[in-house]
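Lettered A, B, C, D and E in written order, each chain numbered from 1.
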Amino acid sequence: MDFSTLIGMLVGLSLVVGAIFIGGAVDVFINVPGMMIVIGGTLASICVAFPFEEVIQAMVAGFKAFSSRKVKVNEVVNIMVKVAEISRREGLIALENVQTENVVLRKSCQLIADNADPELIRATLRIEISAMKRRHKIAQDVYKRLAGLAPAFGMLGTLIGLVQMLSNLQEPASIGPAMAVAILTTFYGSLLATVLFIPIGAKLRARTLQEQLHLEIIFEGAKSILENNNPRLVYEKLSSFQAPKDRAGE
Amino acid sequence: MDFSTLIGMLVGLSLVVGAIFIGGAVDVFINVPGMMIVIGGTLASICVAFPFEEVIQAMVAGFKAFSSRKVKVNEVVNIMVKVAEISRREGLIALENVQTENVVLRKSCQLIADNADPELIRATLRIEISAMKRRHKIAQDVYKRLAGLAPAFGMLGTLIGLVQMLSNLQEPASIGPAMAVAILTTFYGSLLATVLFIPIGAKLRARTLQEQLHLEIIFEGAKSILENNNPRLVYEKLSSFQAPKDRAGE
Amino acid sequence: MDFSTLIGMLVGLSLVVGAIFIGGAVDVFINVPGMMIVIGGTLASICVAFPFEEVIQAMVAGFKAFSSRKVKVNEVVNIMVKVAEISRREGLIALENVQTENVVLRKSCQLIADNADPELIRATLRIEISAMKRRHKIAQDVYKRLAGLAPAFGMLGTLIGLVQMLSNLQEPASIGPAMAVAILTTFYGSLLATVLFIPIGAKLRARTLQEQLHLEIIFEGAKSILENNNPRLVYEKLSSFQAPKDRAGE
Amino acid sequence: MDFSTLIGMLVGLSLVVGAIFIGGAVDVFINVPGMMIVIGGTLASICVAFPFEEVIQAMVAGFKAFSSRKVKVNEVVNIMVKVAEISRREGLIALENVQTENVVLRKSCQLIADNADPELIRATLRIEISAMKRRHKIAQDVYKRLAGLAPAFGMLGTLIGLVQMLSNLQEPASIGPAMAVAILTTFYGSLLATVLFIPIGAKLRARTLQEQLHLEIIFEGAKSILENNNPRLVYEKLSSFQAPKDRAGE
Amino acid sequence: MDFSTLIGMLVGLSLVVGAIFIGGAVDVFINVPGMMIVIGGTLASICVAFPFEEVIQAMVAGFKAFSSRKVKVNEVVNIMVKVAEISRREGLIALENVQTENVVLRKSCQLIADNADPELIRATLRIEISAMKRRHKIAQDVYKRLAGLAPAFGMLGTLIGLVQMLSNLQEPASIGPAMAVAILTTFYGSLLATVLFIPIGAKLRARTLQEQLHLEIIFEGAKSILENNNPRLVYEKLSSFQAPKDRAGE
């Protein structure tokens, strides 16, 4: 469970809701047609902008941002050094038995154990990395687009409200409240983008960068094991991925 | 038929139209000169900004976004594995008879069957992929430009309306409606961009990314068949393009 | 003559002028000091932003966008196949006599006829392509910058007008017209950018992409003639640049 | 201690505070709920947008921007030439004793002294450089995102204030102060972004570019020492990194 | 002396000043606290955003944009052809005596005369080109950042003025002038960005592109002289950098 994501989201929302409650009249912030045009319009347009299954994938990825366990760079480096030790002690064939959740690491071990051509292994891992980036990129693109569509529908709602108010100015007393209602959709759109879509999209991007780094460590580690079956040299190379303070013997 | 695109577009539009009807006076949202300056100006400027045949191509591509059938990554991987099996069982020459809608796959099979130089095959497929990207890029660029021009003409219309209103303030009662009319063109421009041009441009982009992925699978598959005529290894490599959950035996 | 560019420009302008005439008082849209600050300021700043001869080149390129003849991809492919046939029938030396307007094609033919080193030919053509892109890029950059400067000077004019109006509010009757005048410069700036600079810059970009594609076809064709003097294989490779529906035998 | 950073920050802030004091009523610029929504919301959302440890790293990096000592290009070139002289005079093995704060330089010297494979040295240094860029990039991204979130929360606060004010227009005398309060959050957001987040993010970027240049000098120097153990040639190559006026003998 | 830069700057400024004088009251455009917050704040923040010596370098580069002599592509091509003729007639060693202001050309000639390894020459020139681009890039970045900071401080000033005005609406007569003063800082910020920072930044960029082109001509020329000491072939290759109309014999 990634608590900082959840707590950050809740604190952000409560500050906005708190500012509304301090002002007193909470009910003026609730306008169902306004919500419909902003939320409904954004969701409808995102289904035009992306194939439906990609929208669903992005939603799932968004939820996962709140729950998934973080893997550290140091752990990945240690695993690769351990793999190098196994392959040194027990031979490349022993890698077939390496147990891991990471699809790419498992595939690497199998290919090495199968004594596959090094060029094939390199090509396969490169495809794995770029395919992973592509899949993650789609989810980020969906949130980026959502963060653009929500304020755009908010502005459409405000323009509709302004035109309706301006073409009907007989009662001066109603101008203020009518304008408040018109502004509300801009508020909804900005709220969705600022508190929800932008931060989640950014978190997915940060996650992708981390996972990509892990795959590159696996890639460089597998190359080292193939070229030069020496755990010390594998660590020497992979420790360059670590921050200086995390390195052994420093 | 791609229903989610069509339904998304209709829902988006009905939410906007619904918000207008809820407000009552629908007729204040119809202003023919305003529509002419936004729609006409946008179309006229897009014909300056792009060669005429590219504008037409983009329109056609936009309509296709509502109708074209989706091909899945898994299908393309399976087809390439099947092609590898045919070439293994019946020899490379048998690829001449492979029936497929995909222009690039057909060309690949013919070149392999003709026993063409591997370097020529690689170069030809690379040109095919980049030419496809180029053609698709143009249609996306047209929609991106339309999404910029429509609000710009909307703002021009609003500025014209504001100048006319401000230079003629004698009748205070007419200020509101005159301003409502002035704002209308901004509304038209934003509506076209938000509901039409931005989502269609994004869908075309998503389609291009998918088609490009398919061509890369064909490219890697054809390379594998040429280098190493073994269906199992072809699958081993191409499965890296699939999402982990879609892979065989996982 | 490229009529769609000219017609698009005229239609765009007439729609804006028409909207002004419909509103009646045309004279309120004419403000000479406002025009001077927007047009003069934009032209003055573009001469600071770019070397003077590059500004002139961009102006010339902008006028050419209205007149230059379009060359189709298919024509270029056909020419290269014809060149391949000549070199096959009459020998590489015969390419010396190829007549063409295209500077790069003529240079390619001469270098091939001179029996130059293939590496030199490749390097020379690569320099030609990148030098062409660089020259075209400058003209596009000038229009992009103009499209940014015009609204910026428009806003400067509006800010000056607003400050003058606000610091002198004694006559309420003059507020409206004074504000109308202030807004006018924003209108001029947006008009120049939306109707003139943005579309012409975009057209120059579209032209560059086309010309670049032609040079790449010439480049690949020349490489094919050098490596493998066979018109059928040259066509096989270059047809990959064409849209599927334009290819022979499909 | 980097005084220009600290002084710049203090001068920028005092000019803003001074402008507030000149206007007299300082207390109207203090609004605790407004500060909470802008500062709290921005901090909460940044914790959603980035893993918590990356936010902390960015904060630390931001403070370091005020204190860290600047290393000049010329010093790094001189160090590498000195390293080349040592390795020439005393043999590659002597590099093991080179004392330096720079992690990458120390690693280079050890690898050279260990007589490691040149390809391994190159690969290791390339990983060091890209890992350093990645770590620095994250801190810059955090400040860029903060510079976007602060004004966005400012605008949310203003929209809330406007809706509250407009839906309650009974007392005309309260409109002005209510609007002043509403605008305050926009002011807070812009102030944080303009005076704090944008300049610090930019300084981190400038620092990264400098450090990256140093690593490239070390990389090229190490390569030169390996290929051709001649201090004069090492200087000849590395002096190309210096500005012309800083070079020896010019 | 580059007159078009100076004249463009003066004309741009006089048009703005002229528009202010036409409106009469010039003194309302002068507000010392407003100027201090915009100019002082921008300068203070740029010293936070960049190391101090880089800010100074950018200022110097900005002044040079008004004075430096322009070198034409054709001159550089001619110089390289002349160098090729010297090296052909008198041997590579004669290049030691080539007199030139251009640091990179001088270094190339010396390295060729020293009979240095071609790979070293190539690597050294590549470092020279990328180091030159890096130094120029910094000055452009400083102006780009200035062009963003000036309007940002302008807006901060306006927000301060608006809050002060709105919280003190007792005297309706003072609203106009107070608002005029508030808007002034936005005007100052936009003026600095539009008339000064953006065009100078753009000119520096245009200069960099030209100088980079010159270095690439020197680079390709030096490579040609090394590989194939023939002035005619050197010209054949380098003429590809020229615009078609500037080439000999066309």
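Side notes on the structure shown:
Assume contacts are C-beta pairs under 8 Å (C-beta built on N, C-alpha and C of every residue); 3 or more make two chains touch, one makes a residue touch a chain.
Values in this document were obtained by computation on a predicted structure and should not be read as measured data.
Path length between chain B and chain D in the chain contact graph, taken as the least number of steps between touching chains: 2. Identification of common neighbours of chain C and chain D yields E. Rounded to whole angstrom units, the spacing between the C-alpha centres of chain B and chain E is 39.
With each centre defined as the average position of its C-alpha atoms, the distance from chain C to chain E rounds to 24 Å. Multi-chain contact residues, meaning those touching two or more other chains, do not occur anywhere in chain E.
Taken chain by chain, the contacts form a single closed ring in which each chain touches exactly two others. Touching chains close into a ring; read starting at chain A and passing to chain D, it gives A, D, E, C, B. On the side of chain C, the complex with chain B involves touching residues 2, 4-5, 7-9, 11-12, 15-16, 18-20, 22-25, 28-29, 70, 173, 175-177, 179-180, 183-184, 186-187, 190-191, 193-195, 198-200, 202-203, 206, 209-210, 213, 220, 228, 233, 236-237, 240-244, 250. Chain contact summary for the complex, chain D toward chain A: residues 33-34, 36-37, 40-41, 44-52, 54, 103, 107, 111, 120, 123-125, 127-128, 131, 134-135, 138, 145, 148-149, 152-153, 155-157, 159-169.
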